[in-house]
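Structures incoming, each one as structure tokens.
Paired with subunit B in one complex and with subunit C in the other, subunit A is shared by the two complexes that follow.
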Partner chain A sequence: MVSFADLRDIDPYVFRQGESAWFDMYNTIKERGYDVRRAVDKLEAWTGAAADAGKATFREHEQRFLAGADALHAAYLLLRQAGDRIGAAHARIAEGAAEVGYWSLTVAADGTITDHHSRTRYGDEAAQIRDVIAKYQPVFHAAMAEANQADAEIAAALRNLTAEAVGLAAPGGDATTTAAATAIPPRGTAPTDVKKWWDSLSPMQQESLLFTRAAELGALDGVPALARDRANRLRLTEEKSELLADQQRLLAKHRTHDEELWLKQVTDKLHGIDDIEKRLNFMAPAEAFLLAVDGQGNGRAIIASGNPDTATNVATYIPGTGANLANVGGDINRSDLMLQAAANAGSPSTAVITWVGYEAPQNVVPEAAEEQFADGAKKNLDRFQDGLRATHEGAPSHNTVLGHSYGSTVIGHAARDEGLNADELVFVGSPGVGVGNAGGLNFPTDHIYATVADHDIIHMSNIEDPHDVHGPDPAGTQFGAHVFASAPGTAGPWYTGGYSGAAHSQYWGTTNPALENMGKIIAGQVPDAH
Partner chain B sequence: MQNTITISQAEQRAEDYAQWFLETLPAPARPEMTFRQNSDCADPTDGGPPGRVFASLVYQVHDVPAGEVDNYFQAAQQWWTSHEFRVTNNWRSGDRSLRVENTKDSFRMALTTNDAGLMILAADSPCVWPNGRPRG
Partner chain C sequence: MDGFTVKPEVLQTAAVELCGIAEQVLRDAAVFSGVQDAMNDQAPGFDLMRAAAECESSWQQAIQTQAAKLAVDGDTLDLNAARYLATEVSNTHALGGR
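Up next, the complex of A and B:
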């Protein structure tokens, strides 16, 4: 039952959001049906009794997809109807709701208006209120009746769209339904256990889970990259739909200052999703795999350039301050540049993963000076690296974890506190990695590398101060890492001591020895010190 | 903020610089373009104006006879320094890493070899506005 307060406060755009999500699902399922049809059509040359039986089974699947699509389309139409009818009732009471609010009148759940202050109202005021009640009472009752009728009719129609009612329910004990009801290991489960669980499922169960539980599977370390990619591509479509609906809703209204900021954030995230989609649709310099995506907060994304389950050399790149879903395109570019640098060094096959799997600081002051972001990220990064080991096929890959700026601090905390599962650690333009020297990283010091450009402004954060929360520059002479060469970068003005922000971002030029050296390390070679 | 060349012009100029050099290589050197990309110029935190990009490209040069590598580097150094580029690293005869920058437009080029002896030519444009005009 819809109450007057429900009707008054409802945002009609929630129905538009719902509509849009169901329409996307309708399209996806319909396309799957057509995929099956096209696949069976190509089997023209396959004849005989087995062919007839096989084709009949596939035609049945096609019909089930198309029937399911029809049901989803029906849900979309019902939500559209709900939006229209309840939205109209909402609009009908808007003027009256403001008027009764002005006079401090009370409206019951069924729309009945009462004046609890009638004893204190005199003369013209009492007359005006009588007029208000006389004017709006029939409007409220009519609108409430329409809203409740629409609610009851649409709810009943939606209830009829069950899998059983539209003939899509699988028989009891069916592998797909059993799988859909299977408990998925929670996030935080050891990736080796996740991998064992995944391998214990039949292909049918895996397919069913990919389709019904994409959000959970896509985020689970220990699920192979191919499967995870498929789950996250579905998730990406959903995230995009939700953000587009938010954007449309915000664009259609008069916005407060906070809503303007929200609209900008939503638009920026959509830009990041566009960049991800472009990379996923482009096969150079290697096929890309979407290993995570999440639009919450600043947004997270993990994208592999190259297949990390089959590549000989696998690197995980952790960007620093300012990393988020909106800016992920630039970080993917850097991963592709490192992939090419490793290929130049002779790596037979490489995957470089852009890992925005943490809530990164979004400004230099004060956030980048705090440890909480690195501490919040360390377990996620540690488990992700364990997952790469668990799902890799054949001989273990040579794994590098490389961080830029605050990303290097994340690596330092993960190595120090969790024991990072990798072969090489690389720190680029680092503000410090949470330890006083390489020995504190719980990692073979022979395999720790660092570089900093002469003009990188990060030098200004690496002052010799025992209270420096991130510790000394890992490219400093006392730290104990192997320091590799980098171009000096663009010089800054005298009043910054010659340091510049530009030099903090120039490590990924194809002509910069820093990039060449990163490629060598990823390929398992020794970089040049000069 | 000043106008720049566009990113399309930057791509073309990087390609032209690479081609002018590659055409000087004697047979049997066989260049193959292996990478081409436009990248964001800056971190969100670098303090510079956001929105600029730079063009990069990489050629791998196959079939360079092992005994000729030094000659190729010598020729590259001579060609570049006579065509408005200056050497930016401490390259000396025998080194396998030569880096130069154009004195007029700041395009950078690098000629290197990897551990297996494969020769690599890389080019980067400076940071430019995608359409040549600062983002308003």
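Up next, the complex of A and C:
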């Protein structure tokens, strides 16, 4: 039942928005039906019984798409009707709603106007109120009746247009539906078990799951990169669509301060998605694979430059403070630079994965000084590394886990508490990795590397202090890691001791020896010592 | 004999095209997904919006299933075409060797 407040407060634009979405979908599905028709038409020379059966199968697909498009068109017409009828009812009450508001009259859900202050109104005012009620009461009742009638009629008509109602839903027991209903292992399942489960599925089950449960499958460590990529590309389209709908809705209204911030966040995330799409559509320096994407919170994304299931050398790069979906483009660029550096160092095939698979701190103070973000990330990173091992084809790859800034803290916590399944650990511009020395990392110390630029402002967080939660600089002489060379970076002003924020982000400069050294470590070689 | 006038490569090209259409359908459906949910938040009192969301969800599933079926049938065509191609190659070798 539509209440007076519902009708008064509705923005009729919402129906136009729905109408347009359904119309677009109708056009698209109709076009796909024609696409199938065109593809089958090209098989004119294919004749005989098998050809007849094959063509009939694909003609049925064509017909189902076209019949579906008809139903979508009917739904579009109904939403258009909703916009017209409810929009008209909304317009009818607009003037009266303002008037009764002015006189502090109450309007019940059914549109009945009541004056709760009648005992205190006298003379002209009382007469004016009586006139207002007499004028608008019939208008309100008529508008409410029309709105409710339209709502009920259109709702019923829409329910008669579901795929089930028009007979286009897959019947129970249908092979594709049954395959799609296959239980998917929960997120925390060991990746080796996930891989066994995936391998046990028939190609049809795998295909059906990819098509119908992309979100679950795309996030599952242990599913091969090719399949995850396909699932997550669909997820990316969904995330983008939801963010665009949010953006349009926010742009169309008068926004509060909080809504302004929300709009900015949505717009920034859309930029991040654009950057991912650009990288996915570009084959250089290697084909990209989308291993995860999620728009919730600050947003997460895992993108591999190169196929981690087939590459000889696989690196996972974990960015630090400020990492999120919106900023992922810059981190992908760093991964591409490291991939190129590894190739220059002689790696026969490489994949470098940008891993924004955690909720990173978004500011230096206070968040980057806290351990909670690293603790929240460690199991995810550990499982992801196990997943890389589980899905790799042929001989095991040489795996490196490399963290910048707070990303190195994430690696430290994961290695210390979970035991990372990798061959090399690399800490770049680190605020500390949660242990006092390399021996605390539960990892062969010969394979732990670190670097810090002379002018990196991170030095300011690495003062000798027993209360420093992140522990000492892993590039310090006492820590016990192999320290490799990097350029000093841009010097800061005297009052910062010569340290600068710029130097903290210059490790991936193409002339910085740090980049060449990271490439060497990824390629399984020894970097130049500092 | 069946299919004698069509080259296996033509069948494979069509199969790849059909699988590509299936993937595109899925991307199209993903764009559609969630639009109705976002609108429901703005018109909570209207039953027609709930009905539209039910309708959307039902079509979302039906379209995904239809796309999966198309992909599976496309794959089957591709596999059969590959077998056909292998037979052709083998026949060519066998007959050419005589």
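Assume the second predicted complex is superposed on the first by the 354 of 530 C-alpha atoms of A that agree within 3 Å, B and C clash if a C-alpha of one lies under 4 Å from a C-alpha of the other, contacts with A are read in each partner's own complex, and residues count from 1 in each chain.
Going forward, a contact is a pair of C-beta atoms (placed from the backbone, for glycine too) under 8 Å apart; a residue touches a chain by one contact, two chains touch by 3 or more.
This structure is a prediction, so every number in the text was calculated from the model and none was measured.
Student: With both complexes overlaid on chain A, does A:50 touch subunit B (first), subunit C (second), both or neither?
Tutor: Only subunit C; A:50 stays clear of subunit B.
Student: Between subunit B (first) and subunit C (second), which, if any, makes contact with A:333: first, second, both or neither?
Tutor: first
Student: A:36 in the overlay: touching subunit B, subunit C, both, or neither? Say first, second, both or neither.
Tutor: In the superposition, A:36 contacts subunit C only.
Student: Please work out whether A:158 is in contact with subunit B alone, subunit C alone, both, or neither, and reply first, second, both or neither.
Tutor: A:158 sits against subunit C, while subunit B stays out of touch.
Student: Please determine whether it is subunit B or subunit C that touches the greater number of subunit A residues.
Tutor: C
Student: Would you check which partner chain A:10 touches, where first means subunit B only, second means subunit C only, and both and neither mean what they say?
Tutor: In the superposition, A:10 touches subunit C alone.
Student: Should A:18 be classified as contacting the first partner (subunit B), the second (subunit C), both, or neither?
Tutor: Only subunit C is touched by A:18; subunit B is not.
Student: Output the subunit A positions appearing in both contact lists, the one against subunit B and the one against subunit C.
Tutor: none
Student: In their shared complex, at which residues does subunit A touch subunit C?
Tutor: 1-3, 5-6, 10-11, 14, 17-18, 21, 24-25, 28-29, 32, 35-36, 39-40, 42-43, 45-51, 54, 57-58, 61, 64-65, 68, 71-72, 75, 78-79, 82, 86, 150-152, 154-156, 158-159, 161-164, 168-170, 174, 176-177, 180, 203-204, 207-208, 210-212, 214, 230, 233-235, 237-238, 240-242, 245-246, 249
Student: Can you tell me which positions in subunit C touch subunit A when the two form their complex?
Tutor: Per the stated touch rule, the residues are 1-6, 10-11, 13-14, 17-18, 21-36, 38-39, 42-52, 54-55, 58-59, 61-73, 75, 77, 80.
Student: Show me the residue ranges of subunit B that touch subunit A in the complex, using the header's touch definition.
Tutor: Answer in residue numbers: 34-35, 37-48, 54, 56-58, 60, 88-89, 97, 99, 108-110, 112, 114-116, 118, 120, 122-124, 127.
Student: Help me check something: in the complex, which residues belonging to subunit A touch subunit B?
Tutor: My answer: residues 285, 320-322, 327, 329-330, 333-334, 336-337, 340, 343-346, 363-364, 368, 405, 457, 487, 500-502, 504-505, 508-513, 516, 525, 528.
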